[in-house]
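As structure tokens, the structure follows; a few thoughts come after it.
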């Protein structure tokens, strides 16, 4: 078993006529939380979508757990025990919160079969999910939808969790809960790949970090190193903290 | 005199009271931040003001005029401008066309808004000129012929603001304008808001979860919690108040 | 929004309508004849519409070509039943069933198989785009009708009802055709199976979710493509079954018979609300009853009874009687 | 001389009446073959038939006819299948001053108010249909209810039928939308009206199109329950299959292959069997008759296709057809012809080929067909 | 000058411009370059359909409303002229009265349909219009005392527009100089005028708002446009133009019936032409109508040639039989969605963009 759960080597992605990713190299070490940072439009979301098979890599190789998944279809990738929270949250607004959760729980045939203790844990992190259990998800507020999206991804244990900007639109208190949640998941052995704009979030959770710009990874290393080096932060992310 | 005011504004969804008797007034030349936990009712409050939702009770007044019963479009024409939490533009039209539509909407009288069919014979160069001006103000003139769908996220948010400027609204309502923007991009939007703030005739309402932004921009903060207005005052006091510390910032850890 | 506050109002519409018209009809036996026949007709309509509740109601595919599968089912039935003269001419209902059941199965298989091709070449490129769906499925329908003409010829083909299913049962002075009772049984069966699958299994949820956000469903690990193909095939097969029932009812099949009921079944679905099997049943029953009542009371208006009914329902509930929130 | 005779045959090769149109075309070609003794020539002039598809669309038929006369320079035209198309075509014949031989469109107005002198018709008219049918049911003490589609064809049919009724009385007229599939309500209205009538009770059905009510009328067991009989006119063979549900039912038909024993019909039936493995149908006989009329006229003019010559040759002309001798009435150019009073064989089996017995040939002299045109 | 005529909306592609000019010239000189009754009939039908399709494009391409009731207004126009000419006798006053009454009726109906459209979802609206249109067609055939029922109405036009009117005995370049020719050029002028008017409308401030509504109805309302009003107005305008197209058809055919102007088949043709030509581009209507109608009119002739050529292969020749022309039309529907998702105009313009 290799050290890295997920590796991307020289991945290129085209969307229609646009060439978006220009040879992304990325490794996600097993059991760690990897942060993917970068300016708007750097290609983070595209990278995650390419991993999930939602865009097809036109060149390069993606390996998960030693298997080449570059050409696999999305459902196959997801079935290899991968959970994904997309940037637009992917809430099924016609369905109730309960039904949304049920679909994410692949093992359960009906709501009664979902893991109770795990649900309790999710409810304690995101009270809104419990409160609106039987409501159509489309009626939730922006932040509540975000909570539901993350809850869905963690309703069953997964080996790899890929999350695109989970803190967007969340109140500070809930962001704290979410940080706790990721910390607990990590402690239970889950590998996490996280895109985040919230730099505090990144600093508190990240083990390793990769920074993208213009469709390539321009820096990778440990989070600690980046957090301590303000110059590096400035040149990579264009901000002073 | 306050420009915009709400009195006992309330809405119920079934048994759930999303906004509960909120009474509040907003002065011209000020920026008021609205904060509160997720699901507190901030967006819903905006929806009630701009007319997207019908209030169960209470009223909204602008310049002393009661807006109850007016449609969203009528409220916009009365001077309420609103940007949306999720970007909401005309994706397959060009940047210039997007702004021009707002300019056209701002012109008084049915004639200008295109309803008078004789206007099909008239020239509409003036509309284009004004649209160009607005795009210059937000530094997007170079992208005027791009389709909005092809713009990066940040530019789309900028365009949202440009539309409000073109509408020449008196009240500007921003719902998390920087959501999903990183620390390097967000300042562009914030600068635009800052620029608007300098106009003493404009009233600005801002919903935002990033406390550093709120702290820097707001003249005043109001706090919604479970639909009720629970705090109102200058930024420092409100942020320090126990309700914000606990329910919102989660310092004492116990969230909605 | 709680699942316990059951929405009973639409259910009351059917008996309400029946009771309301009673004073206008006057004669009890006439009323019984009209009502029972109308309800049974509703069941037949439900059977031919049931496939579309899946394809249009759940998958949101505006399939104008649905009628072709109805016609196809009916034509297949003429071929199958035509070769089983001994069974169809028997007076025994059970012997007849031995002919009709295989006809149904073969019709469903053929329609399902054609549905598979239809999904692949006609529908797949246009998921999510109603306008293109209209155009391309229209094209599919024209092609299908023409191919039926190439295979079975342009002439109408008689599809006589097996002996044992003919005739009328008498309830006092009121009469009800036997075949309609058979349709009620088949309809009830289709309804219960559909309802069970859609509400008691995850399939219904998955389809509804897949229509809204295909990518997300795939990201959750479900093979939506296979699911959609499956649903489309089942929808087509149900249309094939509907074709057999409809053909036997008319005792006569033509290549255009599917296209002729297209509008009717769309109306039924709109009344019922997209995606609701129960709604579709209520819609079908209302349409069946309404046609008989207006046909009896004001025949001139019978032509518009469906449209008037649909308009009235939409003014009451713009999404149909049982709308999924949208 | 020697120049070919060009004829346009405009009919529904496609569209709702495709099946009818194709029969006419077969009949026409076979008729020409028979009438010319297989030479396809009259007086040394070869007959060329140009076929055109009006798709059942009046506007298309109209422009096809104009193009036939104008661009293709045909000498005369035959067709079309549908009455609507025919009515749209009539003025074109007048504009181009060329003959249009109508077959098999039935509307009375073709040889009635919309008629012009270039129009001839070999097909039967609605009146001929209605009158012959009236002859078959018209008995003293009979109460009749009509069941017809609610549009011009149905209403005119009922009107003509009523005009022709002498001894019985029509007690109820039921009109249903053209695309009706559930007949319960309409029939219930008829039952409510008729169940207390004394004497013989008949529902007379005038229905065109794919979904005739016979099967459903049969399933309602009206005879058993209320002693109500059903009667209707003839049709193409597949449409008459449901008639077998009513053994003994009577009506009048334009054609049934077994009824006529003349030379032409025998030739038609035998040759049709050998070529198509089926008996000739309704419209095959029509096309055949049109061809025979045409050849008879051309023979009379010695192959001259001048319009005026042809008109004077055809007015009052008698000619042989599979249905016996027909005569173009001088006044309105309608072919006067026999109709057949039929009875469904007592032992008819539902679902099988329609089995009709001839009761009586209704001769032209038995029918008083009114002249409706203004000449 | 040209800019003003074309309302600043140029073809924006050289091939497209050439194509348009070619169609314009071909239509202008049809009677002389393509002599014969059939060619003239096809050209006249193109003229009528250009207007009909462009008016539908205003609704579908620019406002984003899918309505199947468009032929209803087409039919009203045709019946207006037909009924007035039948009742009042041939003459210009009959035409004027017919057109005016038809426009008024269309106005009222379009207003009602337009207002109803706002209560229900878009696809529901389409299905409702489908039902209404089919009911209207049945109604037209039932009211046979007025409309002539299934058989329709055959009537005469004023003397100058009739084939009987010869203003010169000697044919010019193979075309006989008669009333038909005058009638053709009347249609030509009307068609051009109405097309340019539609171009004006879609490029006016009003037209821009329609596009905004198509793109994002919610936001259009939010920036101050009352969607109801614009939608209704667009429905009415497009209905009025369709009515005029119907009147043109009746004037040309001197016949009208339910099949001719109300049938669902025409609706489908219109829909297909809009898509083939390119939605949301008035020019697409012109190109689509010309190509489609010419193809449709000669499809059966073409198939006959093909099936004769394939007579060696019985099954192929059966499929190619002219009687199966609908099969090929159906295939055209399918292929056009596959290969012309943005229509001819969209295709051509995209070529320029990527070149």
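Quick notes
When the chains are written out, they are named A, B, C, D and E in that same order, and each has its own residue count from 1.
Everything that follows uses one rule, which is that contacts are C-beta pairs under 8 Å (C-beta built on N, C-alpha and C of every residue); 3 or more make two chains touch, one makes a residue touch a chain.
Note that this is a predicted model, so its numbers are computed, not measured.
Any chain touching chain A that also touches chain C would appear here, but none does. Distance from the chain B centre to the chain E centre is 44 Å, each centre being the mean of its Cα atoms. The centroid of the Cα atoms in chain C and the matching centroid in chain E are 34 Å apart.
One finds 75 Å separating the Cα centroids of chain B and chain D. Among the residues of chain B, none is found touching two or more other chains. Shown for chain C are the residues that touch two or more other chains, namely 1, 149, 303, 326. Across the assembly, chain A contributes residues 139 that each touch 2 or more other chains. Working note: touching chain pairs come out as A-B, A-C, B-E, C-D, C-E, D-E. Touching chain A in their complex are the following residues of chain C: 1-3, 200-202, 205-206, 208-209, 212-213, 215-224, 324-326. Chain contact summary for the complex, chain E toward chain D: residues 36-38, 41, 138, 141-142, 144, 148-152, 154, 163-164, 253-255, 257, 259-260, 300, 322-323, 325-326. Of all residues in chain A, those touching chain B in their complex are 38-41, 87, 127-128, 139-144, 146-147, 165, 168-174, 176-177, 197, 199, 237-239.
Those residues of chain B that touch chain E in the complex are listed here as 50, 52, 71-74, 76-77, 82, 84, 88-93, 97, 100-102, 104-106, 112-115, 117, 119-121, 124, 127, 163, 167.
Here chain A touches chain C in the complex through residues 52, 54, 73-75, 78-79, 84, 86, 90-96, 99-100, 102-104, 106, 109-110, 134-136, 138-139, 152, going by the rule given at the top.
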